[in-house]
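Pasting the structures here.
What follows is a pair of complexes built around chain A, which joins chain B in one and chain C in the other.
This part shows the complex of A and B:
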């Protein structure tokens, strides 16, 4: 009898498997310490899902959205350091448009000066153009992605500061609040936005040839060009798209706090996004990539943060604790470890058939 | 070639034009500021710069270091080269200033330390020092909550307290935490059940509170080491179906206008002032020094208030004032 063979060695060789194993392990530790970490209920006053697991998914939205773009950037063999700064630009711009009338620290209210669609559209267009600028420097200017995106990483936050005169504007405009604090049925809005973006990205890269183009350019740019792929166009699209996604994350971030916080919005997001991609199994050298892996990677990062808050790890040890867990995850995914487990399962399979 | 030289000369002239003060016989007062980081910092810069610029016969030489120590060191050396008359200095970090401040001493330029004082303060020469008393602010936060509970007849009730700390290692965090913990000893009914950093930001204050509400049963008092984190926490408390200001007593710090608005709206209970308005002190000090008066080397703390919903809570060193009475005067 011939059944479809369940190939253990292939599964243990896959980095995504280990990312999922790591996430399950962390959650298991949470469960052992406090089973109520897993409790999920409907908050009666708001009708929204309520629980630590919901918080993890909800607050991972910004990094997940950015990391979707970052996955393609890294698959191209690049990096985008500017995404954190673009988060700040997007938020500053949205707040500036809503509070154009802000005469030196006046009281916020439930209104917007410019129409809501502009509040959403202009920051997104600006961030897309900034992403396109990154792409142009890399594709047409031949600059190293690290250096090219460093320009906006440094100046972006300055632009955000200039937009709001170095001040923090606050608003109480309720449609804007919907983005980060609203809900669709029982599901928090950031989760809805994140899921929609993940699905759209999945369709874009896997149902069209674009994903293959990205992998091809990431492996060998000149060979791809010779085989008829417009490498430059692929690079431009990927960086512009990442800019757009950073802009969306910026709107969510600023809506959560109903304010722009140009100093702190999106700080270290570039690092978290790159980390999510790497944990998810996409190699920094470019080529093959996995959006699902990135999604899991982002969840792992947020799970660690929530763990720290929930179990009250002392502030001084927080950073070291995060670093420790991430180090363990990365080691689990390393070539020798995966090889070891793959060999073991192969050997087991061989014993069984013998 | 000629064009290049001209352009270079023009650029150089522009640079000089930017840093050279208008009148040579004016008193040149240089200020090395950390850079823009918060509304508090903006109000601080506006207060000091505004005071100096408005003063007759004084010229401001201002440098914004964009949060970088190397920029500040560069600025201080520029001040020495320009031969300014006074240097106002607050350091972005607390260490690594020995060498450059020694150079300032060698140049015999009077040094006025403000806000964040350097660790090497005992090894350098300065004419005056002025800064907030973070430990006292931390003490006041807990004392306000303790006294308020007494005033509403909950002085003997056991209450659960959480402390949301600032950026780990920042002088405001270490000082306020020290004050928080010391004051908790004075109020045995207040039990510390949680302590975590919210990095002084709204977003993290919100996320930390969100987790606390699930992991800690029955939080009665939130001590947030700045107003931004308190404001973030308010949203998380609402999302959990609780009433901020009633179900959970919230005490912030800094006294920014947004906190006053929250207090007036009944969503926050109190905020301990940490004033950014250093202009008057700077003015008084320099005028005194110009008149040949010798200044006391002791660190001077600004007079600061405590603001809450109704006022009248006595903290020993200060009595609270109702926020609604002063909200209109608040400019930052």
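This part shows the complex of A and C:
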């Protein structure tokens, strides 16, 4: 066995390091302004953990889940713009199945028309198929991922509208409420789902050779094919998987509001997911990727949003403020800055050994 | 050639964090000479050039240009000092016109606007100087690699260069194009420019150079006039070993009774290869000769399933096979090392280890991953067996020299333990030592019972290694000759004249 030598300059060169540094800095600012930002307590009535930090992780669940798939998409050198629309499709479908009777009997209540497992299964199957559709356009049709996924980005919300005849349904079905608002022991359910998915994804890409295949196809599709990797298959799996994950995020989202909102569900999620991946150190050009980095990236995005709400920055300025912080984070991670710090620590190490 | 020294590099040292790439190397260039810089991959040629052009910053020594000490900070600065470089890969913008490419970054202006008339007129003039009659207002991508190469030289020369560095400019050119390039070089030489020429083609060195400097492992071996060393002496100096040891190759031994491993029966793809039949015995080395575009690569791709055959059939060990994609062929123990290493071979961002393990892993499918230990063992085994020069198996393959990249790709296929190994130009663009090693490896594999298909543009290596040689022309097999008895001239005649010459050779 080779032992890994602790290498400081390697750490300062890594993008993930800087993502974590950025996250800590933002949290530190929060702490300085409001020390109670970090307090976590158990809500006596429900027994669930409660506090700003918990809230950040909880609210990041949808983006984190989607970004796990987006990481692979970007590692393939692509993008998937349709994920936000799929969130809307998934929610609309779930609500439609629970409230099939809306025309005769229009009071929302603690009931579902179709069995609960279908309410969960059908939206996920639909979203997976839509992801597969993206993959087919790209792998077999040879389309640019940006254009191919733009099709569903635009039409997806329309499909969601058609599913519900343009109406917004609400439900009070309590098992459905569990997904977004329930808890497992003291931990909110979205966090549980997110953690499980992250672990499964980690196992899928790193304990099998799938991650290597994705990187290989992302770097050089032609060489990968000639080495015996079925590039098309890899592309199909990745886009279908991303569709599935967007579907899961859609269920969580609609369970939080116990309603479908085809116009607003998952809006800009594709951008946040891409951003999370990029902040996490995976290059848009494809190749090497990091799921851990993406996780941190997603947390950063949510921390910024919470920060903005928490400190009562006027809502008109929210977006600008978010953009500003993200710009700083990205600059911190840029090649020259990392190179600068890596050189400094190398020089320091050289001085020490001399 | 005058005796006036235009450039002097004294005691140049280049220390990288892990290795010393150059150790007290001297180099002098005279006005109006073509000076070849020679050495194996990794000998320090590129590093020396990079020190001169400011890509790397030397850690010791002096560079004196026309009596003044200089220290170029970057390629732009070097260019301003009069040192222009043309790299192996063409660094131009294919979507811009020829004229735009020549003047990009220094467009002549008029009233604050780009003076297109002037640009096109001057580009025309420049092209005329290179005896090229082309429309400079058309996009660069319309023209052949050779012309693109000329354009990049034209661009380099037009910036009042005193020194022109040509880093393997001929590796993608055919004979006529090389001649054109050499004419231009002679003209530039006559005008007093000093030219540093790097190439792996020994014949070209003797044809065009006045002097040569040889490097080995970052040290200076010596500088010689072109007539002071014979080719054999030159190679010996470059690799530091006696050349006979390397070139003493034995052809694979195949008996009449050995079974056919692979047979192709009238296979073809419309528009590419019309109709070809061939067979390879177990442990045989079958050479493919023919010009670029003669269909030899397409034939190899058909045998590997990278190109789907539309007629005929392929039999492996007597069994009919139907390869729809490379994966199918790999499952049946057929391997293919493609011609364009950069585009179809290496996965640049992945490590040497991952690159070597890739085909084995692909055959197993992703659900049955190789453990890290298996991968490490595989990588270490082949790094040692093929003599791949790298500090670690975790280095990115993109950071290796061409010869070492080729060995990694070869390792990828050897690791699959193939029955049939198809090698398309495995020795292109790599130095003499590595070339000989790859030839030795091919023959060793034949000895182990692997059938090897060997495609190459260099006839001498095909003749040296092959049992039989298939000669292709215009998408057809025109002849098949015996490797032990035919000569280069025979093959050239057949390629030039087609089947008629073939009959004469056979008769």
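By our rule, the second predicted complex is superposed on the first by the 347 of 354 C-alpha atoms of A that agree within 3 Å, B and C clash if a C-alpha of one lies under 4 Å from a C-alpha of the other, contacts with A are read in each partner's own complex, and residues count from 1 in each chain.
Criterion: contacts are C-beta pairs under 8 Å (C-beta built on N, C-alpha and C of every residue); 3 or more make two chains touch, one makes a residue touch a chain.
What you see is a predicted model, and the numbers here were worked out from it, not measured in a lab.
Taking chain A as the reference chain, the count of touched residues is higher for B when chain B and chain C are set side by side.
Within the superposed three-chain model, A:306 lies in touch with chain B and out of touch with chain C [touch as defined at top].
In the superposition on chain A, A:263 makes contact with chain B only, not with chain C.
Of the two partner chains, chain B is the only one that A:107 touches; chain C does not reach it. Looking at the shared chain after the overlay, A:144 reaches neither chain B nor chain C. When the shared chain is aligned, no partner comes close enough to touch A:174: not chain B, not chain C.
By the touch criterion defined above, A:46 reaches chain B but does not reach chain C. Contacts of A:334 after superposition: neither chain B nor chain C is touched.
Contact with chain B, but none with chain C, is seen for A:34 once the two complexes are overlaid on the shared chain. When the two complexes are laid over each other on chain A, chain A has no residue in contact with both chain B and chain C. Listing the residues of chain C that touch chain A in their complex gives 17, 304, 306, 325-327, 330-331, 336, 338, 343-350, 354, 358-359, 361-370, 412.
Listing the residues of chain A that touch chain B in their complex gives 34, 36-37, 43-46, 48, 50-52, 55, 59, 104-105, 107-108, 161, 166-168, 170, 181, 253, 256-259, 261, 263-265, 305-306, 308-316, 318. Across the interface of their complex, chain C is touched by residues 207-210, 212-213, 215-216, 219-220, 222-230, 287-288, 346 of chain A. Residue ranges of chain B in contact with chain A, taken from their complex: 36-39, 42, 165, 168, 194-197, 199, 201-203, 206-208, 210-212, 214-215, 228, 231-232, 235, 239-241, 257-258, 261, 331-332.
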